[in-house]
């Protein structure tokens, strides 16, 4: 993939925004967490952070939103740093083939979630970060990691969302208790879920998210030079995002967009263009698979127009 | 990914072969088709066909073997040429999350296979090639396509394998009848399976297979210039290979190898390096997931040493 | 349960018929076998054969209909006579918990059907009757058994229905091939299914069916004195009818009717009142679970009014 | 079924006990609740309470044990009294076809448990008893019902077992939270499970249990004359016990024993002989299906020797 010039990329991002803005409001805002349902359904933002150091934005790219499951990319990077390949004893690496909060698979596979991006898997990852820590410390570690990656200390947890998740997260309670029954949760359910609900309630803007994800496009390094993860680990996290990042629509996302990506029910998606850029989009309306409807279309259009794809130039 | 010089690549391929040759015989040769069980378990071949026009080989790279499910890549390309996106009404694009010949998913999803690379999906793809044709003609079309791609008219069906499959393929009979019950098979089961069993019994060498797959690394074009599929379609076939090409070990293959690939129970694997090369490996011993054990390791090692990965340089 | 006098029972049967006749036509006639769809949806018959030797009828009780899955009771009795408890190595005795033609369970349980009354189980039972026989002989044995039980040599196969089943029975083809893949079918699929389709196509009237089933209410003996099966085996067949005789509505039938019963998609149901009577009802319209809608209601009403129930007087 | 004389029955019960006592210790004591694992594995008791007013005992028939899931019969009777057929909107009546604590079925059927005797269904039943009550009151109602039925106010909850269940019941926590996510639990999970764990921890002897269950053999009435449930409801509870009372071995129990029964992981089983008697057996070692191994054999032998069976004399 040939790098695009900054002005060209600027024009393309603006063009995608302009072409899709008329469709704002598409899809259904997640309402299973009451606090999430309050967001303005017309919101729509895009940000592209390039390995060259540019951050190009359009629309509501500076407005913070609830990153929800996009947080799973960052906790996975932390947990791999802490446990290395040992983490894979507790969680698999295969696409799930069922809905994102499915408990069926857990029963068939004896409490080992299929991958770190379905809820059960992400709860195990968070549980692994609790080892030797109080919940407050584990959450602090996650926030500090995001501050470091995005070079922005203003990123915080939206406490109203966190409380809302805690009050209504019965499925996650079920998943966590179920894995505890199989011995695959090492801390009391309430502590692990406490951290998990707060991590999902972290609020970030598209611009912050794109900057935070850029190390995955940059061989595991900050563009300012520091190493975050090894080159090989960055690749592997990208591989997991591609095969498992969109629940049971991962195959479709790979087919249509052709880039590693991770979506959240808050309407955000982070996508990685290896060697080139990290892209964050946000639009709260979700499609039938629980991924941002307009966000997916924006990524598809942008990939088409830029020629960005991991599957061939 | 920076292209490697021909001598460098030569040395790398030979090195991988030399380092793994001591492990020949690893894994278990497929025995559910009696004729397949007769192959020499010590066989081990590699071939890399580059977009620059080189074909580098090592070991048993010129010996023909039964390509089995690798054939599904080529029938998919043909069927997309015939039906375009209309094909997706009859088959999905999502990883399956269950074993390669699973019938459970078919029941849950009313006869629509999850993707074109599991057996049920590939049978539908073959059925779609039968429209307006006699079985002999449909099979002829598949063979001619391979002759054209590999520039080699010596590729033929191994009739002994074809007969062996026909006599023992009860699961495929079950799958086909099941889809027929849902109306998703348009021809008599025996005709469709007749073509399918013959297509799986096509014999090719690693060198032929790498050359035949090269268009997927070359934006859909032959390196001699002719167009096979559009650039976009080539990408999309690569995306499907990456998310679904290794049955329920697709996630692991993406994680470890980082390239689109399609395996067959004959022990062959075709992998694509977009912009650079097509790789074919062959070793009949299979791992627990039904993919070539040594072949997978060879691809992992070669990807590591060449730096080839779709997920970042 | 106190026996009812013949005149009382006569009045009760007539009463049930009269009360429900206005609802004839209820439910949907099975149409997956074209020949079955031709039956008059207004048909409605009842017959009660008592251990005292009476046969009380109402409505279309003398009209022959396709007994379909009710035949499974009789082939089970034959197969237990031939194989004894050895039969249970090939088929289970548990309710299935899924739809009557489900293939999911077969995959999870490695080709062993859950019970002899779901299609897969009945196909195995029929396969066991083929041992040492030609299909024609096996079918002859089944017909002779029915002639003997009903004391009526006029019972025959409806050849048009048999042909219709053979031409459209893709799911049964799938089930049979699937079990063959697991080694749980011992004869070629076509032979076993040939007998199975013909056994399902046997035509009997309510009166014939009630008489044929009477040995199950009479401790395994004909009321004229001959032994058919042991007392213990009669009990056990009744137990299987109660727990498994109505596919995934067996629990509901036990709850509402309280008698062992076996239904067929032709709209017939055979129910057993231990010590007292065998009841046959027929009405072709099926409810959502694939059991005769009016037939189930008729049995419920008759059980209520007679006080017949195995669960307490 | 002809009633047996008291001396005959006495001799039969003693005979069964004597013949099986050498096998005491068979099976594996449940250890998933630590407190249950402390029971003496050699324990073995039988009690038969007849509708004629006799209570015949053998072995450890007066020693209290943890009734566990046998309690579900009594809470079901209470809940049907409170809600009538309205209860069936929240729980089904079909055999489950999967293990007793399976969560898979709940997902497929949107939070509606298959029947009131699997854990999920029994939790819903208990939840329904909480309506308008504090947990302490609901538990009190259950205990008073047992005191009334067994005419014995000494029946109490084993608090050590209750605490043990509460500390380790992760699967039940998962089930309850899961149903809450579907809106099929109307009270906070902790309250409902609090009552449920205490109800399972009720300790009763075989003699108490047989007396408490006798109304189900007596057309819903106490033998001293009071009505507990209607005749029809008693039948229907018996029907549910027969089709669903032994988890995924209900079919086998019906086949071998031929009586409605409900087992618990404490090793107790309550069986009903309509019109004649209620039987309670206790032996803590469980078979592979989680039902008392020796208890099941004792019931099978007793049924054989008495001729008791609902499926024919």
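The first chain written gets the first letter, and so on, giving A, B, C and D; residue counts start at 1 in each chain.
Convention: a residue touches a chain if its C-beta (ideal position, glycine included) is under 8 Å from a C-beta of that chain, and two chains touch if they have at least 3 such contacts.
Here the structure is a predicted model, which means the values were calculated and not measured.
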item	value
Chain whose mean Cα position lies farthest from subunit C	A
Shared interface numbering between subunit D and subunit C [over half = same, under half = different]	same
Centre-to-centre distance between subunit D and subunit A (centres being mean Cα positions), rounded to whole Å	48
Between subunit B and subunit A, distance of the C-alpha-averaged centres to the nearest whole Å	32
Geometric centre distance via CA averages, subunit C-subunit A, whole Å	56
Chain contact graph, described as a line, ring, star, complete graph or other shape	ring
Parts of subunit A lying in touch with subunit D, wherever the complex brings them together	102-104, 106-108, 170-171, 173-178, 180-181, 189
Subunit B-facing residues of subunit A, complex	92-98, 105, 114-115, 216-217, 219, 231, 234-236, 238-240, 242-244, 248-252, 254-255, 258, 260, 272, 274-275, 309-313
